[in-house]
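A, B and C are the chain letters, set down in written order, and residue numbers restart from 1 in every chain.
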């Protein structure tokens, strides 16, 4: 365990003692998310999103397993089997809408979780491994979400599969054979649909396994906190249970409320109407747009319109899109500032918010048609995205002068509450 | 720092007896509500396995029996299960009525297993009551067993001309589904 | 290696991407072509249905009228393949009425001749889905000047604008504006198509289906104006696309109320537990 003052698991009931000897699973849970895990006492609501992401994965796995009982992964009947779920299966509409919107909510909470990490420097030593595993989870999520979107076999499913597998054909020489191998044909069809279904069922369990590693790696240094100052002693922490279980319980309630509002009252708001048209290999929809959570990356893909340095535009786009995520793997070594929290980094804080605005702008461009002025705006926004991570961060981590850090978490907590604290101080 | 640590401890003034109780009550209420919610969520997750609306819509079928000659039988499908519809001959009816129901394993008379005035129409599920095989005897030339009705080849159950179990391991007569004659020649099953 | 990554390698890679994008940014653009559909396409008119909003319920009387319009007008060309006759019980028809509707439906259900095995048709049963008016896509195109009448089951969910689009499209037929022809002389509607500003490319193959007021005679005495018929069939097709809408709204209100109470309790419990901790 990370901190010597962590509470020790001491089962009282004879059965729990017997269990602890034979299979110390309760002990593991106690130390992972129970009273045995000391957590900084000053975490704000942005620290709820890790648990919420776990809850979202739980919803997806549960509803997904059930949908698979009714879904048929065959190009001839896949579309109708989804409508069979919507119309005939008991509560089928609820399960399918929960799964479709659950994917969106999974991405919403994960994006907030990622940006929290960026703001508070959670990717920095000693938590690099936590961050790296997080990026792996993000990549797996994207693959899972993409393959899941193909399964209803509507127009957007089909053309999404066509476009995304088309990325691989940008690779020189071996690209086209790889694309054909991925699809098991020359265009998306039964073979592709079946393997996407198989992998879509498998990957969530891989994600769950990497989440276990993610949490394991987190427990070695312990959680970061809004000051970015490391825990100094017992007064800086509270046990995870009941303090953060209670806070996460409240967070989960708010999450489920937002989720329910969308699920029950606007279940198709985040979807695309064209996916209610059965897949038609002979007719492409007017605007092919991915799901909203891919818009920023789609904008980066489309921003590269010119062959440059002997590299064709298409390859630039594909490489840049993957690089936009892959660069996150190097972030702990790109940003060398010793200060974690942006609250004490006046320059970084400013650029952080510009990045947030830039990613939102990229999202808007990814959704818009490929016309002016959107293309130029997208090129500017994509350039800024790369500049932020690869040029601006290395520079500001050298020239920035951080603000004075608090001596400890406890000091920062009580700072500004000196008046309230005074009577107690006098008592002591 | 010692002075600061004191803030971790409850202020004694706040911990009245009623205060503690009120707090416990809210925590218990919150957990109970969450538990009740989780239980409620189980319902759709379990209910989805029940037959869906399109399956239930097929729960009732209509069969035209005008083409079944006396002594013949047909096999049709109801709820994805075989149904035997048999037009009994006068001899078969007589054979069935000659048996003392009290002597049977699953006592029933032919009249109880058919509709009044339509005693020649024997309509049963084609599912052996032993372990669910489909008995022979509905198709032309198939063995009808020792009692001239149906014979299940899986474990050797013999049914008589009223489809009652007479010999072999099956515990019950072939099941008679709910049906009615919608007209003289149309049977509505289910 | 990693030691050099931040200060040196990353900025070089970053510059590569930024340069490629800068070059692309300054490339001259061809002037965008302004098309007739850009300027003359219209968003659907507003349409209010009883099923709108979180408390929305279907107006069954209207759905039945809409079904009548589908049956007497649309069904000649458009299939409704995801809906079964017995589903009509949900919009207020009795079992016997549904049976009669299925039995008298103009298009029969494809089947086989029980004696010869030749393809044949039989009368519809309540458990059947609505039969398609055409045997297959080729037959549908052949009968419609090579245009394919889309299936209507999901039409209100598969078009931008939803029910309002269906309503506007049905009554939006008009003569091509003279202004359009003056500006885009090449954009004249071909003789086999029909001008409709609510259709994405302005020229639709479907001839105006609701030609005159009183085209159907409603049993409930509602005056069958073109607008009324278009509204009714749009409402009916909202139901065919989302038959569980009422269940969804009802369940949603219960779930949201329950979660509100639970979340408030969870907040109070959270405040309780943290009451003695400054954070």
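Assorted remarks:
Note that a contact is a pair of C-beta atoms (placed from the backbone, for glycine too) under 8 Å apart; a residue touches a chain by one contact, two chains touch by 3 or more.
Just so it is clear, the model here is predicted, and its values are computed rather than measured.
Across the two candidate interfaces, B-C and A-C, the one carrying more C-beta contacts is A-C. On a Cα centroid basis, the chain most remote from chain B in this structure is A. Averaged C-alpha coordinates put the centre of chain A at 47 Å from the centre of chain B. Once the centre of each chain is set as its mean CA position, chain B and chain C turn out to be 40 Å apart. Per-chain Cα centroids separate chain A from chain C by 32 Å. Multi-chain contact residues of chain B (touching two or more other chains): 7-8, 11, 30, 34, 54.
In chain A, the residues that touch at least two other chains are 87, 94, 249, 414, 421. For chain C, residues that reach two or more other chains under the stated contact definition are 259, 262, 266, 269, 272-273, 277-278. Note for the complex: chain A touches chain C at residues 41-43, 80, 83, 86-87, 93-94, 97, 238, 242-243, 246-247, 249-250, 252-254, 256-257, 260-261, 263-265, 267-268, 273-277, 286, 303-306, 308-309, 311, 313, 316, 320, 323, 327, 330, 333-336, 371-372, 375-376, 379-380, 382-383, 386-387, 389-391, 393-395, 397-398, 413-414, 417, 420-421. The residues of chain C lying in touch with chain A in their complex are 2-3, 5-7, 10-11, 13-25, 27, 29, 32, 54, 82, 87, 150, 153-154, 157-160, 162, 200, 241, 243-244, 247-249, 251-253, 255-256, 259-260, 262-263, 266-267, 269-270, 272-274, 277-279. Those residues of chain A whose C-beta lies close enough to touch chain B in the complex are 62, 66, 69-70, 84, 87-92, 94-95, 235, 249, 410-411, 414, 421, 424-425, 427-428. Residues 84, 86, 125-127, 258-259, 261-262, 265-266, 268-269, 272-273, 275-278 of chain C touch chain B in their complex. Of all the residues in chain B, the ones that touch chain A in their complex are 1-8, 11, 30, 34, 44-45, 47-50, 52-55.
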